[in-house]
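Note that the chains are named A, B and C in the order they appear, and that numbering of residues resets to 1 at the start of each chain.
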Amino acid sequence: MSETLIISILAASITAGTPILFAALGELIAERSGIMNLGVDGMMLVGAVTGFMITVNTGNPWLGVGTALVAGGLLALIHAYLTVTLRANQVVSGLALTLFGSGLSDYLGKAYVGMRAEHTFGKLAIPGLSDLPIIGPVVFKQDVLVYISYVLVAATAFYLYKTRAGLFLRALGENPAAVDSVGVNVFRLRYVYIIIGGALAGLGGAYLSLAYAPCWLENMTAGRGWIAVALVIFAIWDPWRALAGSYLFGGVDALGFHLQVIGLPVSIFILNMLPYIFTILVLILVLIRKGGRLASPQALGVPYDREER
Amino acid sequence: MEVTPLIRMRNIVKKFPGVVANDQVNLDLYAGQIHALLGENGSGKSTLMSILSGLYRPTEGTIEIQGEEKRINSPSDALANGIGMVHQHFKLIESFTVAENIALSQTSGSVLISEEEIVEEITRLGEKYGLLVDPRAYVWQLSVGEKQRVEILRMLYNDSKVLILDEPTAVLTPQETRELFSNLRNMADNGCAVVFISHKLNEVEELADQITVLRNGRVTGSIGRSEINQTRLIEMMIGRDIITAYEKSEPSDKEPVLVIDNISALNDMNTLGLDGITFKVRAGEIYGIAGVSGNGQRELAEVLAGLRHTLSGSVKFYGEEVVGLSPKEIIGRGISYVPEDRLVMGLVPKLNSCDNVILKEYNSEKFSKGHFLKRDAAIAETQRIVREFDVKMGSIFQPVKMMSGGNLQKLLLGREIASKPKLMIVLYPVRGLDIGAIESVHKLLLQMKENNTAIILVSEELEEIAKLADRVGVIFSGKILGEFPVKEMDTEKIGALMAGIVENGGAKA
Amino acid sequence: MKIRLEKSLAQNKTSQIVVPVVAVFLALLFCGVFLAVTGRDPFEVYQAMFAGALGSEYGISETIVKMIPLALCGLGIAVAFRMQIWNIGAEGQFYMGACWATWVPLTFPNLPFLVMLPFMIFMAALGGGLWGLLAGWFKTKWQVSETITTLMMNYIAILWVSYLVYGSWRDPKGLNFPLTAPFPDAALIPTFGALRVHYGIFAVLLLAVIFWLFFKGSKWGYETLVIGSNPVAARYAGIDIRKNVLLVMFISGAISGFAGMVEVSGIVGRLQPGISPGYGYTAISVAWLARLHPIAIVIVAFLFAIIHVGGFMIQTMGIPSAAATMLQGAILFFVVGSEILTQYEIKFSNKEEVQDE
């Protein structure tokens, strides 16, 4: 395989993995706070469609990005209200939002299918760094949103592990009672993190419609939101591992396409299965190793009820 | 010792619906002093300290901190005022390190957490007070004693001057207890006021500078180290009530049907809950187990019901070994367990009475045929139980969580009795019940005795044991410390055993 | 004055029905707002949906056609949810069932109808059941969350079908399209005349009644109810939780697998990718809205089918059928949100002091 091909595949892995990365980061944050959000796919879709719509109408892709953040965040607000205040079942609430989100995005985007936006995000080489052998063109010849994603991952990791607020975020998902007992408002914090999660999912969707494709198609996430949910577990709720995992998943995507070009015997479908199989295996391995103690946030999925303290 | 007390609790009254937990309690805490709060369960000592540590607010009364009256509205308030409490169940996050857990106690401060600084401080405090823990270790890796040290360090890290520990030795090994005591002494010497809640007399004697005894919500006495007198303390703890002598049949010569021999088992905190416990029960006998709750009663019941693994020892029922049997098999052998948590274990709150009545026997001929349940039989049985045991409820088709405590207990007992068990283990049967319900329940138990059922009655009420039981064993730290016929029961003997004092001669250990 | 939510002791029957109905109305209202904002008359739209779905013989038949897989999957999901096992793998179990069922006519194309169909049903149930059982096994052996494993397994199953259909199972006479050869007549479920409605409807009604009876009156139904309500008490009563988890996951998967067979054999007549437009996921909404009651599941499935078909029909009005999906989603989250009213009571208190205990 030629070097050009390898570079091409690697670069494509990053591009393909970025929307998943945004969504996964968002989900990671939300789950760290103790709430499971299965509405990621729906939030990505509304982000994609609203981002696209605004970009077409205003000619400014950054406005589109901003709108996507808001759209994802709004949908997440509903989820937050249902799960935190009303203490509803998180699994079903998330599913409802995916359903609603996919319907809403289809509905809104009907008139925009197949359109091309004038101004989208093109590749931007970073001077100097993009000349490095192999790493250069792969990592530093991406679009602006990808660069933002690098920064975001580092920022999230820093926030989680080095700041006081991040400590409390982690504690929220482990033992909200402990956080409550030091006088911190569990409910308010969870709202914030869930909305951030939704906004990032929206951003992931916008990446699809404004950089990756770039256009709007019905159901264009093709289930990437669900992959992001799986990815968070695969990454054991850590941002750097989420980065690696996203590019792995993205790589499978990119690889499949390239392999078809070469004509390798491995079926693309089997390849595509691997990430999901890996996720299950990783989950099992983590559980076996810790002897039944999951590395997941202990309070994940359980609504916080102060009376039950 | 300071002249002005660090903390002054004056005329504290705390009322809960139906009960006065603290009744005009006064307490003075001085820096440099280890103050023990002694009393049985329900004496109000935990409630009092919960008030001081901000968990509850007093119905009446005031708290002065260093001479100034203050209101403590929450645990974080208390901590801000220099008061910290270590509970029996730790509030630590297992997957965090020690340092992270301690950092969690401070909501304000720098945006960035400097792990180095925290580690340094923890190490310094650890060395100063002898509380050695690896600050970088994960909490789940620590032993129970070490986890307790983390809780204490948390308070010291926040400059707590008043340290309250609730039954701290319950989960420690003797070695760890010794270490804890020396650490507490150290802290007191460094100017803290240490409060130590306990029901164990010899520990209190060893450690405390001042002992305040509570009984039924009131202070029955407060004495200093130099005035310690065991008999007086026991009297203050348990009272001098003469236990009414009830008619008791002669001890039978029958062979015991239940032989518990040297059973050891872990409790939920993974320390020793049962420590070689041994005793026997005969058919048609009520064997009362007296003791402050938390000394292994629940673990014992769970072992007998097949819900807990044992480390060693054997239990023979009618000659056959029952250790290792599944709960279903044990139910099949005619052993019935009436748990203390009626709505958590014994009954299913969401389901109605009929569904609850068949809970253990749904598989039997009585209630099922092939794959299906005989609904009519279940309804008939439920109606019978409701009639016979006078259970009051809206309808037998309502979820049982709507029933009052007393009626729940009657339903539960009714169900168990209806299954005609050969052995029944019943824990704190009249907890939370009114007088009428208590009478009914007692009558039911005596009725079972007439039916030749062997009964193990675990209770905190000595009066109840005196009334119902034939023999009584006192449980302490997972062992039966002393056992004798109820006829020979007197408060002093029992009180001493309940507090862990084994006399030479007289009581059999 | 403060408003507090307090866990209520009462759980009256009327609220169990009233609340979902109210939720549906609120959802109609909510989506109506969206429609109005984008320049449509909600009443006109809703009326057209209804008329499209139920106004003609074709419409009704299509509605029933869509109802069948929803109801079947819904029943399978209810079996698991009842025990608080969050099996969201109905979609994958559906695909597995379709796949295993297809194997029969592909391998034994000349079997007679009376052998072929039952064999297909058996294989479909087995395939879906084992797929569900696998997730159940992961749960009992290693405490792996079934929510995640079943979700992952959905993708694996869907990809597996694509793999087969693009590969060794591809119809040689199919002009290179990813489809299997059409099933022989013996492998097709008979329909009602020229309509697409097939005898699968009987399976729906039969299974709904069977499950209803079993849930209410069987030992197994009782055991699963107790485990779902209070696992501690279940253990106390000697109920074998592990065995029930495995059994329930198998049955749940088997029903969804059967749904897959019914769809492939009654409607499509061959195996191809995309045989399910998300039935497995929509069925979760159906089961939840129906509060896991088997008879209600059939009714709710019918409702959702009306919305689906109606949504399809209103495309002639220029309204994207996506409006239907929106409505379905909205119904679900209103139901989810309103559940709290059946479990909690809103208490108004004038007390200043926060209660301690």
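Keep in mind that, in the parts below, a residue touches a chain if its C-beta (ideal position, glycine included) is under 8 Å from a C-beta of that chain, and two chains touch if they have at least 3 such contacts.
As the structure is a prediction and not an experimental result, all values here were calculated from the model.
Centroid distances from chain C, each centroid being the mean of CA atoms, peak for B.
Chain pair with the highest count of contacting C-beta pairs: A-C.
Look at where the CA atoms of chain B average out and do the same for chain C: the two points lie 47 Å apart.
With each centre defined as the average position of its C-alpha atoms, the distance from chain A to chain C rounds to 27 Å. Annotation for chain C: no residues touch two or more other chains. If you check the complex, the residues on chain B that touch chain A are 74-77, 79, 91-96, 100, 103-107, 109-113, 140.
Per the touch definition, chain B reaches chain C in the complex via residues 16, 55-57, 305, 307, 326-331, 337, 339, 344-351, 355, 358-360, 362-363, 368, 371-373, 375, 399, 401-402.
The part of chain C that touches chain B in the complex is made up of residues 9-11, 217-220, 222-223, 225-226, 229-230, 232-233, 235-240, 353, 356-357. On the side of chain C, the complex with chain A involves touching residues 6-7, 34, 38, 86, 88, 138, 142-145, 147-149, 151-153, 155-156, 159-160, 162-163, 166-167, 281-282, 284-285, 288, 320-330, 332-333, 336-337, 339-340. Across the complex, chain C is touched by residues 36, 42, 78, 81-82, 86-89, 91-93, 95-108, 110, 218, 223, 226, 229-230, 233, 267, 269-270, 272-273, 276-277, 279-280, 283-284, 287-288, 292, 294, 307 of chain A.
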